[in-house]
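Shared chain: chain A. Partners: chain B in the first complex, chain C in the second.
Take a look at the complex of A and B:
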């Protein structure tokens, strides 16, 4: 049988944090602020543990596995060790260290995003092959329409009052759709939060 | 927010919580589960889990980049619930599911979830800590790390559920190109648009939060989805009334 202690601690902590949000009380504030600070610190420690697990657990194991490719794992471990050693030796605020890290990481991430733009454009072209339904058709038409609207091609007709209103109205339509989706997501998030608060969903091993 | 808005929020929260308990207890007493509309992507998802168990292939669950200390953490908790169910359903398989994530705390929770499932289903001998791991600490490195898992020949199903940016297009495209069954859902608008353009089975908007109810059939999950639908209806009604009143006022 599962121990009820962990869910009870989770419930009480959640109630205190929530009460501190709704009821402006100095006592609740004094309890709430350090608790949130602890959460941030614990999250940071968890991040550190997960990184060490990734490097030495996942990639270390792949290096020992004769059936798997070793090149990528070897590079990950080597670069991680070098970065940690340089960070400890120079300090993380050292200008040269930061420059080296950003000079490698930033161009690589930017290049990947550039490749992504091409990949997504190609995938969008294949969209009608995959989604042979009215939703796919509407999505495709919407993509073409908003590409045209946002390209500024309709700037030529904005002198005509009726067309200006029409173009402005079309430009606003995605915002309405986005709000609709976001309202749904917010309601889902609210219910998920309540389920976790009352201990129905337990994302922890108790 | 002013105090009036705060009070309305608090009252709504209390009402929703009590309604949740009410529907949940009622289902427990009557034993009747409510029927929800059919979502093709979830039906295919269930089928693909069954096929994966039969074939002895592995399911990869990518949990996204959501930090647990931020507002977007709800999608991460929903994806953990889905991971648990996938783990339970595939407990007969020789290949337990593998979970990758872009946040340290989320990675540890995914490992914990898989360990808990292995303990409950008496399959601890199959559990490896690498089955729940951090793919990368930033959105792009997470994608690069998860690409390796997608490329694994044992993986035939990819479930991309959580908070992402447009970089998730790499994962969805790689999975589709490999011919693996791909199920995708996100709370982010950018990721949803990317998924719609690249994946066949996409869940839109709040459907991400509906998956646990469709997979679990637990009274609390069903009650939660029912209230979610009711609240959505209420919001639509309020918006429509607002529009009509504004029109009347303008005339």
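Take a look at the complex of A and C:
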């Protein structure tokens, strides 16, 4: 049986933070601010623990396992150690250390995004081949239309009042869908918060 | 006082007693023989004439018939007996008739409803005196039977045959009637007359039944088995089943009655039944001891074919083991044959019934009994198959052809898959080359965009107005919430905005909730500072580093910026001797600008920080893919303005009057988008016209 102390602490903390959000009380502010600072510190410590677990826990165990490949784990651990050493030695504001991010990490991730763009373009060619239904046609038309809108090519027809209004309306059309998504997200967040407050969900106690 | 043992029960009795005090047997049979042999039958004869059974049953009315009415078979017996005994005249012609009479009356007095009601004799009954006639016990027997039958004068059951108890054939010998003992003594020839004793309920009053017969047959040592004539000589209504152990038989010493001696003259080689009881001229079934309404239906069915049953029944009569094998099996009475199950029916139910099962098995006579041989007809052994497959040469040829066809089909399928894969790779390469070619061409040729953006969106205009109106004394907080993958788009989109801030010497403090965000932004702002020499990074910028905790960190930042981020990335105090020294709260910033590609990150800032900002504007530079999600917050006033993607950056540059990266790359961006639209449209039309979707996929899509 789980201890009831943890849910009680979670409930009281949530209530205090929530009350301080709506009630501008100095007392609540005095209680709420240290709690949030503790949470930030604990989050940073949790990040460090996760990093060390990934490097020395997962990949270190793979290095000790004779049945698994050691190459990639060795590279991960080696690069991690070099980066940490460079950051400690040069500092994170050093230009040379920033090259680790700007010359290595950013091109790699950007290249992946470029491959994704080409793949999406190729998939769009075969859109109607695989999704030959009314939803497929709607999606096909929407893709074509909004690519044209974002390209700015409709600036050619700005002199035509009717078309200007039509283009403006098309540009605002995604707003309806976005609002629906955001309302759903808000309701889900509210329900999740209530469940945590009343102790129905205990993510802190799992 | 002298005592003698009872010859029957071997118990001690007084010497002067005529009969055994326990079993009422005659203790001095020699005295009785001296008095005359057949007087005792007279009394019994008189009693029998008064039985109601004789009045109602014509078949058993032998006592009333005259000597002229003697049946032929009996006459033949008498004749043969006379011949064998040297033509001695019958000493007591009436004796035979009377003997049969009492036998009939002994059974005939029992109505079907009173058959099994004999009670044991009273043990405290006074012993008869010596002066009493020997036949008085028979009279007592008859009177006792009448008395004992009174309590059972209940209404006759519908099927009395079923309710009658099975007789016991294992009773002591002193419970048997005298006439039977006399009959047994015939073989001994030198034994005295049987003692008088009262019949026991276990040996009298039983109706004939198959159980009786079978029990009778299963008594191998019974003396009666040596004389199967007795079984047939007894009328059907007198079929009383009992046996007499040999040790307890009291053999009479007086000469037997004439009617019994007649049986000795029977020819054993002939059918005893025919000799003793010849068939009547008219073959009408002998009346069963039960009324017609009392017989069960299955008996009626069997009686419907009387001509078949006697032969079948004779075959099923079992000769007792250990008896004289030369004696032929007796013929069962017709009424008993009628009780036996039909052989033909048994053949239908059980196919074949072995003789052992019929005669020895406890299930003898039961219909529908399955036997091993019958079971074998319904169940066969499982068929076994060989492990090897035997095929003919023709089948082998067909198999070879089938393998060739399958091989060709598989080769065609592999070729088709390979062809599709190659065409797919080719198409991807073509698309990639087209996109890259268009981008490179537009960049290298420095061509302007095909269509200049003339329609500036309202958020971009609001953003430009807010940036233009910022107080240069107050710092601007910039949140670099982006990853490396989309850094290129956001860099170009935000570059003109940053240039605008630098142009106005507005201090900039920046942080990030992602690990690489602050570093990338520092690199960006360092590049822009080179273009604007008047803007000193050391004096006007402050790197607050990485903010952990996600939404919690943002909430803490909104409540207490100084406590949440007290140090810079250089490990110096962030809030003293810096552009932030006059900043206590988040609302003290001139503006908060969030640069992100993720709509959720923008939402976190809107939800957690915006309420603490007061009148401080919140501006967002966001990727084009997330712009629609930000539009509702702009409409609600939670976001004061935003720049969405390459188009927004270009529009901002146009409004600011600068030529930035966004404008220079907008032509490539626009050309690529138009190319994509063309490719997608053409490809969609080709797919729509040429390709045919598979039925499975189409059904799956419809569902």
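Going forward, the second predicted complex is superposed on the first by the 177 of 206 C-alpha atoms of A that agree within 3 Å, B and C clash if a C-alpha of one lies under 4 Å from a C-alpha of the other, contacts with A are read in each partner's own complex, and residues count from 1 in each chain.
Throughout what follows, contacts are C-beta pairs under 8 Å (C-beta built on N, C-alpha and C of every residue); 3 or more make two chains touch, one makes a residue touch a chain.
Treat the numbers as computed from the prediction; the structure is a model and nothing was measured.
S.K.: Based on the superposed arrangement, let me know which partner A:139 touches: chain B (first), chain C (second), both, or neither?
M.R.: In the superposed model, A:139 contacts chain B only, not chain C.
S.K.: With the two complexes superposed on chain A, say which partner A:112 touches: chain B (first), chain C (second), both, or neither.
M.R.: both
S.K.: I'd like to know which partner A:178 touches here: chain B for first, chain C for second, both or neither.
M.R.: Both chain B and chain C are touched by A:178.
S.K.: Please work out whether A:200 is in contact with chain B alone, chain C alone, both, or neither, and reply first, second, both or neither.
M.R.: A:200: touches chain B, not chain C.
S.K.: Go through the superposed model and pick first if A:61 touches only chain B, second if only chain C, both, or neither.
M.R.: Only chain B; A:61 stays clear of chain C.
S.K.: With the two complexes superposed on chain A, say which partner A:131 touches: chain B (first), chain C (second), both, or neither.
M.R.: Both: A:131 reaches chain B and chain C.
S.K.: Touch check for A:39: first (chain B), second (chain C), both, or neither?
M.R.: both
S.K.: Which of the two partners, first being chain B and second being chain C, lies in contact with A:188: first, second, both, or neither?
M.R.: first
S.K.: For chain A, which residues lie in the overlap of the chain B contacts and the chain C contacts?
M.R.: Shared contact residues on chain A (touching chain B in one complex, chain C in the other): 39-40, 43-44, 47, 108-109, 112-113, 119, 124, 127, 130-131, 143, 178, 181-182, 185.
S.K.: State the interface residues of chain B toward chain A in the complex, per the touch definition above.
M.R.: Interface residues on chain B, with respect to chain A: 6, 9-10, 13, 16-17, 20-21, 67-69, 71, 74-75, 77-78, 80-81, 103-105, 107-109, 112-113, 115-116, 129-130, 133-138, 140, 144-145, 148, 166-167, 169-170, 173, 187, 189, 192, 194, 196-198, 200, 204-206, 208-210, 212, 220-221, 224-225, 227-228, 231-232, 235.
S.K.: Once bound in the complex, which stretches of chain A touch chain B?
M.R.: Contacts found on chain A: 18, 22, 39-40, 42-44, 46-51, 53-54, 57-58, 61, 72, 108-109, 112-113, 116, 119-120, 123-124, 127, 130-131, 139, 143, 178, 180-185, 187-196, 198, 200-201, 203-205.
S.K.: Tell me, which parts of chain A touch chain C in their complex?
M.R.: So the residues of chain A in touch with chain C come to 17, 21, 29, 32-33, 36-37, 39-40, 43-44, 47, 91-93, 95, 98, 101-102, 105-106, 108-110, 112-113, 117-119, 121-122, 124-133, 136, 140, 143-144, 147-148, 150-156, 158, 164, 167, 171-172, 174-175, 177-179, 181-182, 185.
S.K.: Show which residues of chain C lie in contact with chain A when the two form their complex.
M.R.: Chain C residues touching chain A: 427-428, 431-432, 435, 449-455, 457, 483-488, 516, 519-520, 522-523, 526, 543, 545, 547-550, 552-553, 555-556, 559-560, 563-564, 569-570, 603, 611, 624, 628-632, 635, 645, 647, 666, 669-670, 673-674, 676-677, 679-685, 687-688, 691, 693, 697-698, 701-702.
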